[in-house]
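In the two complexes that follow, subunit A is the common piece, with subunit B as its partner first and subunit C second.
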Partner chain A sequence: MTEEGAFRRNFEVLGEDFYNAGRVSTEIKEILQQVGVAATTVRRVAIAAYEAEMNVVMYARRGTVCLELTPELVHLLVRDEGPGIEDIELAMQEGYSTATERMREMGFGAGMGLPNIQKNSDRLVIHSTAGVGTEVEIEVRF
Partner chain B sequence: MKLEEVKRILECEVITGHDRLDTEIKMVCGCDLMSDVLAFIKADALLLTGLVNRQAIRTAGVADVPAVVFVRGKRPDEETVALAEEKGLPILVTNLLLYEACGRLYSQGVPGCEGR
Partner chain C sequence: MDQLPCGSAKKTMMKRESISIRIDTARCDGDMACMRVCPTEAIRVRGSKARIIESRCITCGECIRVCQTRAISAVTASFADVSRFDYVVALPSPVLYGQFGRGVTPDRILAALEKGGFDCACDLTLACEAVNAAIEQYVRRYRGPRPLISCFCPTAIRLIQVRYPELLEQVLPIESPKEFMAREIRKTKARELRLREDRIGIVYLTPCPAKMLDIVGHPSKEKSDIDGVIAISDIYRTVLSLLPISGRGEHGERTRMSGVGMSWAILGGQTTFLKPENCLAVDGLRNVVRILNDIEIGKLRDVDYVECHTCPDGCVSGSLLVENPYVARARILGILGQLGTKPCRSERERAELYESEDFVVERRLTAQLQGPLDLDVSRAIGKIRRLEEIRQSLPNINCGACGAPSCAAFAEDVVREEAQLSDCVLLALEQLRSGQTKVWDVPPAEGHSTPDEGKEP
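On to the complex of A and B.
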């Protein structure tokens, strides 16, 4: 989705970089606050972005987050190079997780990430190729 | 209830946010799993957790959580404290276990994040 005159920004996310995990979502949240997006919308985007960012950190080698703002919506495209998701329907189920002990120690890996993204967005589309990577497209309308 | 009152009831030590103890707490969420916090916590609810790391601070920031109380006497490391300071997030520590800490606040009339 590309639109003339839309605000656009790209961010990098590194796999296993737990130290910086959440930084991109925090930055996205600050940008939305600065341009005056309603607090409830900002919160939904931030939660969805954070779960998607954590998934890149936990499962992929590296990824990018592309933020696009139009007058109607916030669009996030999270792309990563990684193992991909073989069964997306299964991954979407609450409680399904392949997270390791280390990830659980970080407070993630409850299998609630993708369902959380779904809950906080108006549109969620996941494309993935096993062994190549995953593309998560998130839309939150104003 | 003011954060100051929470501090007294839970016998907390204040780690960051000494100047923000007048923050108003309307609800409480007690949880160690950050994805569950993100799923269930309401904006402006206090987070009580035994997960003492950067992700707890990030989660609070993302979900509009005004303050965090670490339970079981777990103290955050310097980097975690620095991140909370940078974000202006008050952090308190109590020696109480999660259940006891939640129970004390609940019995004082602070509700949970149940329901819509």
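On to the complex of A and C.
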């Protein structure tokens, strides 16, 4: 018998790796489906994870997504090495974006990422140090 | 005279099926081509026999295409007991018109079907155009989450059911042309011939096993209006041998067809009446998966409609067709050129048509997820941990010798207790080498079993 507890797994994300962008959230989604998490919850997590993953791809050099899954909740800790966010309150506003012209041409940079994470999670905490990196903590309860 | 298979009534009545692909184990020689090609990892080859995990199968037909021994086939819910009908109508998918030589007109093909035993062969392109109008009107009135996803490729729908259940509410609730036509023709013929409606049999000629399933396991209602399905590959030769010199026999009247409807045979046919910049037409399974991923994370909210075909370039490359899909496509384009693309109805007439007919169906599409690893969440989490451990202990070269298509799939099989860790040939070999298992401990070869450390469950 396996002991009770959480499932943990780390995923690497590379800055500017637009080709593989979205893979981590897809993998997380598959894990949740295997565990039998309700479809609506799976989608919330998939959206939140995707937006956090994309922010690493778009703005940071590299990062990790740490998934923690318990019978009650999904916890995602997304840490990156990058420019950091100077004004978190501003970044949280719908439509605010510093995406480059090139990113916008690729269809990113609507400024809805962080607001969408907020909308699809039960807890969102952002810590950031300018010039060092960003830590985004997301929790979705079942 | 040659007869179409409708005469040789196999006694398979149209019962509701969950998948429409079968493996004939006697014929199967254990080749793993099917297992490797399956996009949803639904096939296992154990004991030299392939087996389909039904809950994962999306009936795309890829396995049928690659099976050399022809052990895999579509369940032709063949036109059971044709004698129970007084009048039998053939409804060929319009892709049939692209299956023959250059000069072979749709008229001649329909005539051949009638020579072959159908009382009437009915063109579907007008119905396709009517459904185009319904799509136009529905999209225009729709206020729910976008994009709407087309519902006419049952493989794509099945994919949504097994992987993207949250998107089911975005699937277009419009009747397919074949169902729409079946309902119409039944009424018309019953009136015309003074027959009871249930004395009329309607048989669809299908390009793929998925459309077969669409009928035998009709997702949108209790019963389909179609009574039987035949694979185009099964009637191909007979039709070829019966092709008349010209049009429809003595009467020679030309069938009224629609170019707009004809374009359903290839990619983009459904979107004729939509704003091109607001819709996408996606073909090929992997591309459909990518688009569904994007829709799931909310990326395509500014798109109105996504037409999805899991076959490259649409139904023209269905797995139960005969002609090379590129050739078939060129033929379809030829027919399209002759028919022209002028719609039969003006925009106002299309809106009126939509108001007067029942195009909208109440679908009961349900999620078809493979069951979780365990019904109890805590235990499922324990199992996913174990799955991860196993995965890391495996060689991760996806050799397939264990009978699973990938090491990850194998790890899941082990956790689901459908395989044993010792089925991994490389792992077993490694243990032999490192002396963990002595050669004389290996049990005598029996079936496909490989050395195990003992301890049967």
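Heads up, the rule we're going with is that the second predicted complex is superposed on the first by the 138 of 142 C-alpha atoms of A that agree within 3 Å, B and C clash if a C-alpha of one lies under 4 Å from a C-alpha of the other, contacts with A are read in each partner's own complex, and residues count from 1 in each chain.
Heads up, the rule we're going with is that contacts are C-beta pairs under 8 Å (C-beta built on N, C-alpha and C of every residue); 3 or more make two chains touch, one makes a residue touch a chain.
All values reported here derive from a predicted model rather than from experimental measurement.
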Superposition on subunit A - do subunit B and subunit C clash or fit: clash
Which of subunit B and subunit C A:P71 touches, first, second, both or neither: second
Subunit B versus subunit C as contact partner of A:Y50, first or second or both or neither: both
Touching partner for A:Y19 - first (subunit B), second (subunit C), both, neither: first
Which of subunit B and subunit C A:G113 touches, first, second, both or neither: first
Contacts of A:E135 with subunit B and subunit C, given as first, second, both or neither: neither
Which of subunit B and subunit C A:E27 touches, first, second, both or neither: neither
Subunit C region in steric overlap with subunit B, selected from 219-227, 255-263 or 291-299: 291-299
Doubly contacted subunit A residues - partners subunit C and subunit B: 22, 25-26, 29, 39-40, 43, 46-47, 50-51, 107, 116
Parts of subunit A lying in touch with subunit C, wherever the complex brings them together: 1-7, 9, 22, 25-26, 29, 31, 33-37, 39-40, 42-43, 46-47, 50-51, 69-71, 107, 116, 142
Partner subunit A, residues of subunit C touching it in the complex: 163, 165-166, 293, 296-299, 367, 369, 371-375, 377-388, 412
Subunit B partner contacts - residues on subunit A that touch it in the complex: 18-19, 21-23, 25-26, 29, 39-40, 43, 46-47, 49-51, 106-113, 115-116, 119
Subunit B residues within the subunit A interface of the complex: 32-39, 43, 51, 53-56, 58-59, 61-64
